[in-house]
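Notes follow once the structure below has been shown.
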């Protein structure tokens, strides 16, 4: 079976990372998974919210949003509607948990990192692109804080890297990194967040049209582990790491 | 290792289901997982929202909420804050997806089912208790619609049953059905939604304090499958089914 | 004239109070006036809001809400609508005033009591059931505070008990404790809040379909005073008081 | 006992009504109860909301609000806060019920009347001044509709007039029409809405500092009945009626 | 060409200022530009918002709003809609900037002035009437603060006066002070805010139906400068200044 | 006097326009004025809002927003705050008016164009860059509609082009196209919207620190007219027009 865009079932879309896209943020990356493009910025602030003060630990949080015309049909702005929708909330929380899964908040010290992931163009996989780009922005903001002495020179604030990919079963076949047209047809859809060393941070599988069994679950996890290993390599290259 | 409440690692808390608790709703259940108590009601309406009219399919949606003093510390009401929080949105969406995973909306016909799950008392596992109780309420509301001729006599609107349970790793040990005090200590926490016939509807695993590997994931899935099989039996008993 | 449920005009519906229904709250009661069921919880906090600090007086407030399917037709959630409605506001304020009418905030000391009244099932008289149940929850929360030394051993924080009942004129006949079907037909509808010693805290009479005269007003007040005397007895029994 | 403003206990403040103050509204009145000044406008629309169409009855509703600096200390605007407060809701509903108590919605036909009562200056009794002025605005808007043929020539849309006054017990003495400084000191405070023919539309008595007994209630009602009779005369004069 | 209300092209509508209309505010004015009537109040508070504390400068801000029936068709209240509209925001900000343009916040000292401009009746030019009336209210509130010693005796908090007027091109002719019926027909519409000494604070010209050229712009500015000079004279008379 | 970035007083920052940046929108442009970068998309919909149906005219509207970390300090999202701020509203309205100033809505026919201008990076002049880029996006969306037959082949929907620039007086010197650091220091600040043929659509001058006179106003207008002429040339180049 060949996919509409010519990829094999276990192949990622072309992934590019423009590190340092923003001249304002302490860390930033404009990441593309094919036509999906997400601008990730990391804002570093010395200090923590009031309820964390004096505990010696830092705080990492994330916010996700889509531009109104990032999609094929224009969506109303959540600011105009006056409320953040359930899907937006859910993805913002997922990104935050994924990043907190690899950060050592003790080593970070009393500093706050806010990661904004704004989808400029959407074609499936926006949340996984966001997590993958957010790590690059986070990495550079942590370095920014270290250079200015807000984080200890030897503190290992980032224990590992993190990336994410979507996988799904389309027409009975497990596939990696779904664009929009595959995503809507998937019987089962899964987002998997994996560390650079190959451990799971988050596994979210959903039966969209039919329940799935243990064999299918395993096939999807295999695909996701290999896809995130490739993403980890791309992140290291973007960051100039060995 | 013994648990604080004396259970073995693979044991559910005492589960009770008061079917038909509400005299107003078309289907209802007051379900308890230990001290966690959730009132589930199913509201049946003949007809569907405007955007679905004339398509011959039904609509199922769910809303989850917690009473302000269901928890140990009183929470502010979301109505007073003027916005529904991210966690509430996320769980409402999960319950809806879980129920839509076993319902045949074609067989349901142009009818709407709204499931409300209100947590009266919370001690961990509120979303899994909600899904498990919601199925009982849904079942009875579907019967109500069938008896009144809104659903065809032979239409198999419910393809299967559905229940859910939480599992997690505490002090390195995989455990079933976590109360609040275990939930906050879990290194990894997973909610698994399973059909009566044993297939997965949703798998949501989160590394709370440490990433998890494939072996741990498998151990947790095994526990969840056995726990939901037990819950499916309890549901059948409550419904007077063989 | 006989009523649809067989009661005489001056008879209450069956009233039950499950004291201590909640294992989380400092005081609680699940109260039923016939099919109307309200869960009342009292949350005790040592300390007062900022604007009251240092004045040596306590603070008592109440919030009322209905579950979406407590009624015959499902109502939208106020959290989802993003605003608390006028009726909800009005009843919350009434419950708060009723409780403040019997509490001595000086004797209470710098402590805060928040009473939540959530209607699980509605069949008329939800606000009067809420006030009557709220008193029981309040009583136990005050005792909880006293036992822990937050309130002085001899401080008489509760000067009296309080209960409430609805009365109305249906087909020209004054009746006590209206269920929903009588409530909608009432020409005049009145909610009366009375202390255990028989004094008025609140009298709210409304001409729904026809203005009322002084004679009718007096007949309704007589009914209400006798109904609340009976409720005060039921409260004392629930609390194990002589 | 003499009052701070020199009145006797059973005397109203100077009441003035500037009928037709607005050149935009179909009916309007700028009413003063002493320093309390409320601008009441009545907006007449031919037609009713969708849910009333085809039933042959009209609709009357009211909205109350205070200008931010109508009071001694500036209040935040409810538009800026993004929500209408409980007190505002409560008073808007009271005004609406009071007007619906004297209007025959069948005779009104399928027409809508919206009454706006905006407090320009507040010194106690704003809700009673609002009701009293609203009647004058309503009267003229009904006439406006009759002159244009929207209401039948002989239809008796207004069955009676309506006015309201506050009464309270201060230092043990029942007093009529409380200004702010008496209102805050009142042990018991009551707002009474009475028709031109002397029947009650609404009786709202609240024990602010001490419960009240039947004797006190009767004394307050006597005062209110005599005060509203005087207000009815002032309304007739303003309207040029005999 | 003559205008519908008989004025010449360079003539203001009748302007009246009732200084001190409010007995509650520190400064106030009820201003009329023809049928347009705006109640302006200035609230003086000793102290500044937290973010300005200790800087030795004051704060001046303004809020504009329209009563729902100030206009020919009733508008929904912004408090009921739960949000302040774009036009309201824009005008509030314009009034605030206009007043800050003539106040010396250093000389004002750590005091706050909030100016509320509520449109009681609207017939075009509400924002320019609001600015013109707001200055009178501001002037008196500053005097109030000076008399009580909150502002230094010799501090020149108000460097100048300020007033505003609308101008526009109707049927090719530049006209001063547009009522509603001219405003909607204007090809170009301009609001000009000018100090008592004739300098510009704000110039806002908008091509409503056709772009405008430099000659037209100059003609409009000439009209506006002469109109605001007249308004400055009226302000001085209202304030009893030479 | 030389400027911090080396420009002369009458020189624009480097301006770049990436036409067609979005693969989703019918028209789009990523425009840069120096470090200020705005993504403009134009969404074309066949049909108009209900209140315009059947009138034979189209509708053009615009929404402006800033990404939270487009600025030097991160701003809270308006979606999270639950309300659109005054500045955002004001700029959205300005962009909409500017575009409507050059579009012939009759020639557009019953079609709707929504222009979204999202600031990805901000360094002063975001509203003027937005208007200038919005025109390019609008142009291409109109062409898109014409190619698909939604707009008549010969209909001249765009009567002219439009661009905008900021001008201001810094240290007494009139300057063109202010970056952030000049903007905050400007005594007077002006945004001018000009058509390709040199007529004014909007002139908004504000005295930030000192009132301005007629001579200064004229100097600023001269600068703006020459700057927008240069922008019109850059727009034509981007669009491949002669």
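Letters A, B, C, D, E and F mark the chains as written, and numbering starts fresh at 1 in each.
Heads up, the rule we're going with is that contacts are C-beta pairs under 8 Å (C-beta built on N, C-alpha and C of every residue); 3 or more make two chains touch, one makes a residue touch a chain.
The structure displayed is predicted, hence computed values, not measured ones.
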Any chain touching chain A and chain D at once appears in the list none
Applying the touch definition from the top, give me the chains sitting in contact with each of chain E and chain F.
none
Chain separated most widely from chain B, comparing mean CA positions:
E
Per the C-alpha centroid definition, the whole-Å distance linking chain A and chain B comes out as 28
Hey, how far is the Cα centre of chain A from the one of chain C, in Å?
51
At least two partner chains per residue is the criterion; list those residues in chain D.
82-84
Ring walk, chain A to chain F and onward
A, F, E, D, C, B
As the complex stands, chain C meets chain B at residues 22-25, 28, 35, 39, 41, 43, 45, 63, 65, 67-72, 74, 77-84, 88, 114, 116, 118, 120-122
Going by the contact rule set out above, which residues of chain B touch chain A in the complex?
83-87, 89-90, 92-93, 97, 101, 160, 190, 195, 199-207, 211-214, 217, 221
